[in-house]
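There are two complexes below, and they share chain A, which is joined by chain B in the first and by chain C in the second.
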Partner chain A sequence: MANLDAADTTFRPKPNLPPPPNTVGAVGWMRKNLFSSVLNTLLTLGAMWLILSVAYTLFDWGVLKAVWVAENRRECLDRSPDGACWAGVIHWFNTFMYGRYPYAEQWRPNLGLVILILWMLPCWLPRVTGKIGIALSAVIIFPFLAGYLFAGGEKGLILQILVSAGIVTFITIWLHVLSCLLTGRSLPVHILGITGFTDKDDRLHKYPLIGAFGLALIVVLILQSGWEPPEVGTNLWGGLFLTLVISGVGITTALPSGVLLALGRRSRMPIIRVSCIAFIELFRSVPLITILFMAVTMMPLFLPETVTLNRLVQVIIAVCLFAAAYMAEIVRGGLQAIPKGQYEAAQSMGLNYWKMMALVVMPQALKLMIPNIVGNFIGLFKDTTLVSIIGLYDLLLMLKAVSQNPQWNGLYLEPFMFGTFVFFIFCFAMSTYSQHLERTLGSGQVRR
Partner chain B sequence: MKKLSLLGLGIGFLAGFTVMAEPVMAQSTLEQIKQRGHLRCQIGTPAPGFYSLDANGQWQGSDVSMCRAVATAIFGDPSKVEFQSVTSAVRFTALANGESDMLSRTATWTAFRDTQLGLKFAGINFYDGQGFLVPKSLGLKSALELKGATVCVLTGTTTELNMTDYSRTNNLDLKPVVFEDSNVRDETYRNGGCDAVTNDKSGLASTRSKFANANDHVILPETISKEPLGPVTRNGDDQWFQIVRWSLFAMIAAEEYGVTSANVDQMLAKPPSPEVARFLGVEGELNKGLGLEKNWAYNIIKKVGNYGEVYEKYMGEGPGAIGIPRAGSQNALWTKGGLMYAPPFR
Partner chain C sequence: MAILDKGSPARDMSFSGMVNDERYRAVFYQIVVFGLIAWGGWYLVSNTSHNLASRGMSSGFGFLGNTAGFDIAWFIIPYDPRMSYGRVFLVGITNTLIVSLIAIVFTTVLGFIIGILRLSKNWLIAKLAAWYVELLRNTPLLLQILFWYLAVFSLLPRPRDSVSILEVFQLNNRGFYFPSPVPGELFWLTMLAVLIAIAGTYALNVWSNRRQAETGIRFPVLWPSLAILFLLPGLVFLASGTPLSFTYPVLQGFNFVGGTSVPPAFCALFVALVVYHSAFIGENVRAGIQSVSHGQTEASHSLGLKPTLTFRLVIIPQAMRAIIPPLISAWMNVVKNSSLAIAIGFPDLVAVFMQTSLNQSGHAIEIVAMVMAFYMVVSLTISAALNVYNKSVQLKER
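Our next item is the complex of A and B:
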């Protein structure tokens, strides 16, 4: 034993051989997943043939044989009868976006969108405080400013004040954001510093802030009182703009009113509970289209002749009520998933009902419900196309209108392809954002 | 206490609502429109030739011109119209509940509608009728040769009913293939999914003009139904009804007199006949009963055009129109063998 060479006895495993080349990489993956048996190979080949032929047909129709510039459909047909006539979509693009909104005024919806984006942007910026306030103001104050910007015309005193408040709030938010980003301190802190209230009792702090806001409000009120963009009746609103207005208002009001209804349904007070149940069950058991017909066609029958209702407002109210009822049930589902211990823990901390709900229960419930809530929003966004049935020229009806124009007679496939694309972008963006939210809030985790 | 106050609130709301809903003094339709500043005219969802949107979002078409003519008669301004585009399911409800002042859409004048829906048909501005469109290659000369054919038709319309009636009467055994959407129907027909399409002939003309080779398809001569189309008003306001009716007559009469939007100013300066003078408001007081300005008819012709001009622009064979020949059809003037006839202006 002793004369054996130590080096020779040590067990030295040979290095692992690389796996056979046909089991790794793309080839391996394909062998494993696509061609593992005769049947799978056949299926793969069949599916590939199907995909390729559909893709090629689409490509051939939509790109190779397509006509991009033409004055009317006849010209398209003359040049390439089997190709897409994208010239029609390009020609009608503005109308798809704004409907019958006058061309010279179309900057107003654009400006409204830009303001909304700027208004909400701070919510995603780091080092900005008071994000809940900013988001709330976007929901509560922005609609008045935007509504007036879109509709225009004369404004009464109340509208004057609301519009001014919108402008002041918007400016305040951005001053606040800049102050947060540049100096690291919030705008109220600066105002208190300038007015010399920093050292005074906390209870007095609100006075200089309210004063500053009031002063700004009066200045803006005077400055903007002469601003009066020409009136654009809501019957001229249309296209994607209208779709976004209806679904935007529906989506933003659905969540708060859904939360209130859900709480009301679980309330111990009988009148509130019964009326909430009645409301939810009534609106959930009737299709949206029926509610829309009811609101638009039946309502005027019950009202005196001189009362003229605004069709768009009727529709928006109907959509909001409908969305609220559905949202209420989603939120209630979330509430039921919260263990009783959470309520008891909150109560033992001495929180009252509203604080318990706002600080302990709702954040957990809503977090759980994000996929359902966003799913509901996406559904609502697509449901708004139903307003086309009662004659509001939303995106869908504008797309349909092309095929009925004598110049573009029969052009319906291309506009619908375009509409599909637009809807896909919006719904996919919402869905992606909800997944992002789920990840950051960790609500996808399994509950213990 | 909380419950009590809620109850009080509810009662308060109810009471307030009842007070609000107190009936107000009835105003005539004309007064309402003048007060509002524009006419509310109901049209349908786009249909080529009658009412369609252009890429600038403007309504255009022959029925749209009818709305504009009435607005012009009242305000002297064809733009003072709010167009209400309503699906056919609720068209008469929207007129009956006061949402629309008048209806100018492809609504067929029938005994039932005229007598039982609280409506009044003010006249006829288009004589339509149902027919068949077939490929030329079939070599058909008459709808009676369609025996056993499959026919594409829109569902839920009288079109389907008319077709089955015609089929039964003539023992044709037509097989309907029904569709919800006219574009899909036409596409199916084009791809050979059915032997023929049936629809009102105006609709067939626009279907035909959709195809790459319009000349490969023919509209058969038979007209299997009568579809007189015209503006409609609500019952209960005769003056308003007459304004709509005579706005239509003014357009037809102007064509007969040879008054067009181009020459109406010369005619006004130098009326060729006493009737034209009365028509344009130079003589007489024909406007009085209608409650309109003296030059109401002049305004219509000047700003909208006479019946023939409107027809050529939207229904005729020019560019941008759907290509229904007028000569020899029922829509020609009575002096040219058609049915378009206006009572005299005197």
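Our next item is the complex of A and C:
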């Protein structure tokens, strides 16, 4: 025993054998997930056959045999009877986007969209302060500016002020954003510095800010008075543009009114509670199409003869009421999920009802409700297609109108596929973004 | 809290005291809201009565007795244009209910299949189901209905070249034709046998459950139940001389005669509702099954239950608690969304009553109220049933 080395007596494990080659890598993954049993293999083969045959049919019809340039449907059919006639979709593309909005004026919806994107963009930029204010101004002030931009025509004094306020706010926001990004200080700090108010009492700080805003407002008010784009009646609005306008207004009003209704429903004051419940239950239990019919047929009866609303306004009011009722139930669900301790803690901190709701309860509740809120937005966006039934030229009615045109008679499939694609892109983007938000905002909720 | 309630402060009757007292403010807010609602209601009513008077329109439900005078493309309960608006209302209700009910049955079955496929261990199947759900959920139902109607069911061949299944079901651009049963004289005996068989099976189940609870001995329920369910009615049916025949759709001239048929609009609405809502129900089913914690599966395996028994006895009963409420609201959505039939001309309640009848008679307020009342009754009934069910399956916590 003594002649044996110490090294020989110690146990030396051999290196691990590599896993069997058919359990790792692509082969292993496929064995585990696709061919684990006879039944699974059959299912996989069946699914592959289904996918391949559908994909091939679509590819053959939509790409290989498709006609991209043609004057009318007859020409499409002559050139390739069993291929897609994308020429029709290309020919009608502008109508799908803007409806009957005059071609020469279509820069206005485009400009409105660009302004909206630029307005909201700072909310996603780093180092920018006051994001809530920016988002709120987009909800409150932007609609007036955009509404006038789209509709045009003569404007009264109030509308002039609102439009000017919109322009000034937009410029202010971007000056603020630039100053935040470049100098790291917000715009108000700069204004205070220029006017020499920095050293003065904090209570006086608001005066130079209000003054600067007022001065800018007056300048813009004078400058814009000559600007009067030709009027485009709402009966000419259409296509995806109209769909976005209706759903945009619905979505922006749904959340605040839904929050108010939900709070009302949980209120301890019986009259407020009962009226909120009645409103919510009425609008949730009937289909949207009946509400739209009600708006179109009954609103003229409800209002004095001197007041006439155009059809778009009637429809938007109906959509807003409908969306508010649905949102109210979602917010209520969120409120109920907040433990009572949170309310009591907020009250014991001395917060009053509105501060408790705004600072403690709502932020938590809304965070919990993001998937449902976005789901509701998607539903609302899809539901705006119903306005085509009562004769608004939204995207769906435009898609349908192609087949009634003598030149393109009977062309259903391709426009519908295009519409499906557009709606899918919008809705899928919304749901993907909501999942992203859920992950980033809900990080505190994840149990580890 | 109790201390606060007991010692609630005496009421300060000065003005600032009243402003700062929450109780007075609550009363004040409520008076304001009530006043606003009352004023709004009065404003609407006065405007409406003025408008009605100035247009020379009458109000009231008397018009329901008037002759409707228009034809309805498809109906279950007998109807002809000489009948009244009240009858039109009933025809609309039955059409809406029939298409919703059939769609609910099929969409629930398809939804469960989709939900289970989404949880499949087979990656390809799960992905396929996921894309089915995404595609259908992210496109508007109205677009899908129009797609099925214009691009599928309207492009079917003429009756002469129908797509026929087993020579019995015929599908063409006039609709879907299927044989209709004609019960003979003694058919009631078979129906009675079916009822007896169902009652017998139920009794057998109750007895075997009770015996298992008392003695622990299991009774193989499945095969005797199937035997009772199929043999008894079958024997009675044969013994009474097969008193049931079918009339088959037969091509005569340009169209089919005999059997029963539904128009293409019905088919398109039905298929679109089933497919669209199956995606939502599939998601509910998936979420419900996933909501049962994995510990339950492990516990059940460690008790020695086989995977199928685990699924049936442990997972499904717990998952149903999470599945049923959204499932029922999906059913409610089917009923509500069946109103989109108006876009393709299927005569449902909204189409025949809220559109045609309203345009003809002009009684907007009454008609809108009646249609809304119908949908409210349906949805309140369903949610009442849901509440009863929820009470019965809720976790009984102490």
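Everything below uses one rule, namely that the second predicted complex is superposed on the first by the 435 of 448 C-alpha atoms of A that agree within 3 Å, B and C clash if a C-alpha of one lies under 4 Å from a C-alpha of the other, contacts with A are read in each partner's own complex, and residues count from 1 in each chain.
We adopt the following convention: a residue touches a chain if its C-beta (ideal position, glycine included) is under 8 Å from a C-beta of that chain, and two chains touch if they have at least 3 such contacts.
Everything numeric in this text was worked out from a predicted model, so none of it was measured.
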Could you classify chain B and chain C on chain A, in the superposed arrangement, as clash or fit? clash
Taking the superposition as given, does A:404 touch the first partner, chain B, the second, chain C, both, or neither? first
A:236 in the overlay: touching chain B, chain C, both, or neither? Say first, second, both or neither. first
Can A:77 be said to touch chain B (first), chain C (second), both, or neither? first
After lining up the shared chain so the two structures overlap, which partner does A:423 touch, if you call chain B first and chain C second: first, second, both or neither? second
If we overlay the two complexes on their shared chain A, which of chain B and chain C does A:271 touch? Say first, second, both or neither. both
Touching A:207 in the superposition: chain B (first), chain C (second), both, neither? neither
Output check: A:378 vs chain B and chain C. Expected answer is one of first, second, both, neither. What do you get? second
Looking at A:287 after the superposition, I want to know if it touches chain B, chain C, both of them or none. Which is it: first, second, both, neither? second
Give one of first, second, both or neither to describe whether A:91 is in contact with chain B, with chain C, with both, or with none. first
Common interface residues of chain A with chain B and chain C? 269, 271, 293, 297, 300-305, 389, 400, 403, 412
Residues of chain A touching chain C in their complex? 33-34, 36, 40, 43-44, 47-48, 50-51, 268-272, 275, 281-282, 284-290, 293-294, 297-298, 300-305, 378, 382-383, 385-386, 388-389, 396, 399-400, 403, 412-413, 416, 419-420, 423-424, 427-428, 431
Interface with chain A, chain C side, in the complex: residues 26, 29-30, 33-34, 37, 44, 47-48, 50-52, 54, 120-125, 128, 134-135, 137-143, 146-147, 150-151, 336-337, 339-340, 342-343, 350, 354-355, 358, 364-365, 368, 371-372, 375-376, 378-380
Contacts from chain B onto chain A in the complex sit at residues 2-3, 6-7, 20-24, 26-27, 32, 36, 45-49, 52-58, 82-87, 90, 93-94, 97-99, 183, 186, 206-207, 209-212, 314, 320-322
List of chain A residues in touch with chain B within their complex: 73, 77-78, 81, 91-92, 94-95, 98-103, 233, 235-236, 238, 269, 271, 293, 297, 300-306, 308, 389-391, 393, 397-398, 400-401, 403-407, 409-410, 412
